[in-house]
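What follows are several structures.
Below are two complexes that have subunit A in common, paired first with subunit B and then with subunit C.
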Partner chain A sequence: MIERLMNLDRRIIFLFVFAGVAVPLLMDFSFPIKPTDNVRAVYQQIEHVAAQKDGKVLISFSYGGGAAAELQPMARALLRHLFAREVEIVAISLWPDAVGLAQAALKGMADEAGRKYGTDYALMGFKPGNSVVILGMGQDFRGTFPTDNFGASTDTLAVTANVQSLADFDFVIDLAAGESIDHFWIPYGQERFKFPLAGGCTAVMAPDLFPFIQSGQLIGMIGGLAGAAEYETLIGHADKATSGMRPQSVTHIIIIAFIVLANVTFFLSRRRSANTTSHQDLA
Partner chain B sequence: MIFLRRTFPLILAFVVGVIGILVFYVPHSVAQALERDLAKWFMIIAAFAYFLGLYSLMTLHWTRVRARQPGWGYSLVAYLSFAVMVVFIVYNDGHGPFHAQAEAGGYQWLYLNVYVPCTSSMFSILAFFIASAAYRTFRARSPEAALLLLAGLIVMLGRVPIGAYISDVIPDAAQWLMAVPNMAAKRGILLGVSLGAIATSLRIIFGIERAYLGGGEE
Partner chain C sequence: MSRDRYLFGGLILAFVALNGVLLGSGRLPVNWTGFGIIVAAGLTLLLYSFLYKDNPLFKFAEHIYVGTAAAYVFGQYWFGGLFGMVIEPVFMKEDIQAYDKWLLLIPTLLGALMLTRFSRRWAWVSRISFAFYVGVGAGLTIPRYISSFVLQQIEPTLRPLSLTMEGFDVLVILVGVVSVLVYFFFSVEHTGVVGGVSKVGIYFLMVAFGASFGYTIMARLSLLIGRVSFLLEEWLRIPLTL
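Our next item is the complex of A and B:
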């Protein structure tokens, strides 16, 4: 029995994980979500920007389809908050495959809030080069993005007409699936041009960013789908991230149960082999 | 010939590297103007790198198809998918290839309804393998492994709402683990990696590290 459990067919584990994801998606229940200080700091900074006249926020979309399940709900929650508080939004992309996701999130949230392209928000599109795009925007924003994603001149868009540099933004948020927050935005953007920066990242990346929060280089961080759900709780609009907490919670419990089972069988097996060895020694 | 293959790239790397460092730290208007120009050059070169990547990918798949290597059918699918996307990009919802990308149309539809779900599915498969790997390897074989196991379980519970549902202490403990021991370890690793990156950059700028030139140690 112990041997069978030690070498459990992985398809059984797959089946449990599948059920842990699928069943909670079909059921309707919820857990209370408690926002952490790091997520709350992002929310408060947007509230602070909204209190200013003509507050302007830059959002960098640095993720592709692989991380969309985690970062797209985060983008939607942030945009919903920004549009509701009438903050002007400029979006860029450091990943070529992020443009379509940025466009979908911006359009969806702008239509919901009744905001207009060009006056309330703009999508500048993708530029290759990561760190130099950030340096370029810091030196000359309109030179780096002379047109938006749809070919309109940056000078003719009300939302970008007065932007000269990154320092003209009241807040910058990078939604990242890679290393763009700590490798590009902090050293080449925040440190150089001194603007408040926050990061939204996949859950697996979140531990890497804690040193930058303590140093003050990041004012806050939204980590993974759980962070997005916390943000949805703060803005009082439960969406995909909040509903995603059901399967995520159940799947975590299933994985923990399997880890506990594996350790129990491991110790039982070790005790049995120790007993066998001592019996052989006595014989 | 050796001048063009080795000496000239070394001089170029040295000059551009030193200028790149200087203009980053010098706030004079001339230096800043030069930095703007360098940034534009870099973006142009980075854009060409995409063509190089595309050429490399297509060559790899073409070799597989031509040699009928195992799994060559997948390479054919890669070619077919690429061709379909290019057709829709060029068509650009009726606007043609010289107009900015249209907000709607076949390309956008394929991107949102085929590409994004496919890549998301690929990523989500990780959950199954992580569960299986955790079952097989995450065992308290030593006191250090037991400590890691305990920390892992607390963070796993603390990062989902069910943790707070069980006890308010769990998310606080998870946050403490991330903000104190994790951060201390990450900071140490970060300092080491950064010092290594600075050393490697200086080796490239001063021509000690030449692997990027290709051709081995000759």
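Our next item is the complex of A and C:
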């Protein structure tokens, strides 16, 4: 038995993980989701911006299809909140493959809230250069993005007509799958032009960003699908992230069970081999 | 024919039959949207077939992904960069002043010089561009990074200690930073007090790696959840509970 467990085919583990994901998606049960302080800080900053007249938020989409499962629900939850509170949104992309995802999220949430392109929100599209784009926006936003994603002049869009630089935004959020928050937005944007910055990131990146919250360089952070689920809880609209927490939790239990099983099996096999060796020595 | 060939052949036939049923029953629309969903579902399954073992169907899907992604990224760079920032303003827009057009040609020329790397005879010309790039890059990066990653990070590490939970947090951070720095200080032999402090640093590092690995598992599972949700909800049209 121990030998069989020690040589367990990894595909059996894959099957367990697949079942742990698929079955909870089809079943109706839930785990409590308690928003953390870091996610709550983002929510409260948007509420603060909404309380101002003509509050404006810049969202940078810096992820591709590979991270869409984590960051697209986050983007939808944030946009749903912003549109509901009638905050003006300007979206840009520092990743070439984020434009389509940004467009889908913006259009979906704007249609749901009855908001109009040009007056309530705008998508400026992709510009290569990362740090150079951020520095450019800080000095001359309309020079960096003279037209939107569809070729319309930035001057003719009501939502961008009065934007001169990054300082004109009340809040900046970077949704990132790479290093854009800590390597570009913090040093070249927040540090230099002094605006409130928050990050929405994949779970892999979250541990690297905690020091920037502690130092106040980020006012808040939404980490991974769990962070997106927390944000959905705060706005009171359960969506993909909340439903994703059931399989997430169940699969974590399965993985923990396999880790415990592997360790118990390992120690049992080591004890057995030690006993066998001592018996051979006696013989 | 090997067992795997029968297995994969059977799965392809099952996939075709299932899509026929989905289209025939009207669960999937007979239009480009429906076709897109079928292609996405098929490629997802082909890529996950690697979990069974490496196979030609996985390779096929992998190559399609690489090719499509490269073309998409090229398109975005072309329209967002070369076309949108150089060709259109210089040659196609009449409302831009001649001075601004000439100004645009300077970075364009510097960029073009980088392409001389492909010629052995003219490769030295590219050094002009690289010198400019490295100089500007270093000038921009060094002060920004020192400010963001050193000065701004030292300040919260050295906050005054107090008998509150925040004070305890500061103490943990202080002990963690000092002990890990000692662990990576190799000029002194790690024995005695230094050895003890460096061992504390190892524990801090292990906790950090464990937290990082836990987050990584969560991230990878989120991707799987995204794909399985897509297969169940959008392809097979099984309603998921919220």
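Operating definition for what follows: the second predicted complex is superposed on the first by the 283 of 283 C-alpha atoms of A that agree within 3 Å, B and C clash if a C-alpha of one lies under 4 Å from a C-alpha of the other, contacts with A are read in each partner's own complex, and residues count from 1 in each chain.
Keep in mind that, in the parts below, a residue touches a chain if its C-beta (ideal position, glycine included) is under 8 Å from a C-beta of that chain, and two chains touch if they have at least 3 such contacts.
Being a predicted model, the structure only gives us computed values, none of them experimental.
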item	value
Superposed partners subunit B and subunit C on subunit A - clash or fit	clash
Larger contact residue set on subunit A - subunit B or subunit C	B
First (subunit B), second (subunit C), both or neither touched by A:D239	second
A:G143 touches, of subunit B and subunit C: first, second, both or neither?	first
Touched partner set for A:I259, first subunit B, second subunit C, both or neither	first
Subunit B versus subunit C as contact partner of A:A104, first or second or both or neither	first
Touched partner set for A:D28, first subunit B, second subunit C, both or neither	second
Partner chain in contact with A:V17 - subunit B first, subunit C second, else both or neither	both
Partner chain(s) touched by A:I186 [first = subunit B, second = subunit C, both, neither]	second
Where subunit B runs into subunit C (options 4-12, 94-102, 130-138 or 166-174)	4-12
Interface residues of subunit A shared between complexes with subunit B and subunit C	14, 17-18, 21, 64, 66-69, 96-97, 99, 127-128, 135, 147, 192, 203, 206-207, 211, 214, 223-224, 226, 248, 251-252, 255
Complex interface listing, subunit C residues touching subunit A	51-52, 69, 72-73, 76-77, 80-81, 84, 140-141, 144-145, 147-149, 152-153, 155-156, 173, 208, 211-212, 215-219, 221-229, 232, 238, 240-242
Sites on subunit B touched by subunit A in the complex	24, 32, 35-36, 38-40, 42-43, 46-47, 49-50, 99-101, 103, 108, 111-112, 115-120, 122-124, 127-128, 130-132, 134-136, 138-141, 149, 152-153, 156-157, 159-162, 164-165, 168, 171, 175, 178-179, 182-183, 186-187, 190
Touching residues (chain side subunit A, partner subunit C) in the complex	11, 14, 17-18, 21-22, 25-28, 64, 66-70, 96-97, 99, 125-128, 131, 135, 147, 186-188, 191-192, 202-204, 206-207, 211, 214-217, 223-226, 238-240, 242-244, 247-248, 251-252, 255
Contacting residues of subunit A [partner subunit B, same complex]	8, 10, 13-14, 16-18, 21, 30-34, 36-37, 64-69, 96-97, 99-101, 103-104, 107, 127-130, 132-133, 135-136, 139-140, 143-144, 147, 149-151, 192, 203, 206-208, 210-211, 213-214, 223-224, 226, 229, 245, 248-256, 258-259, 261-263, 266-267
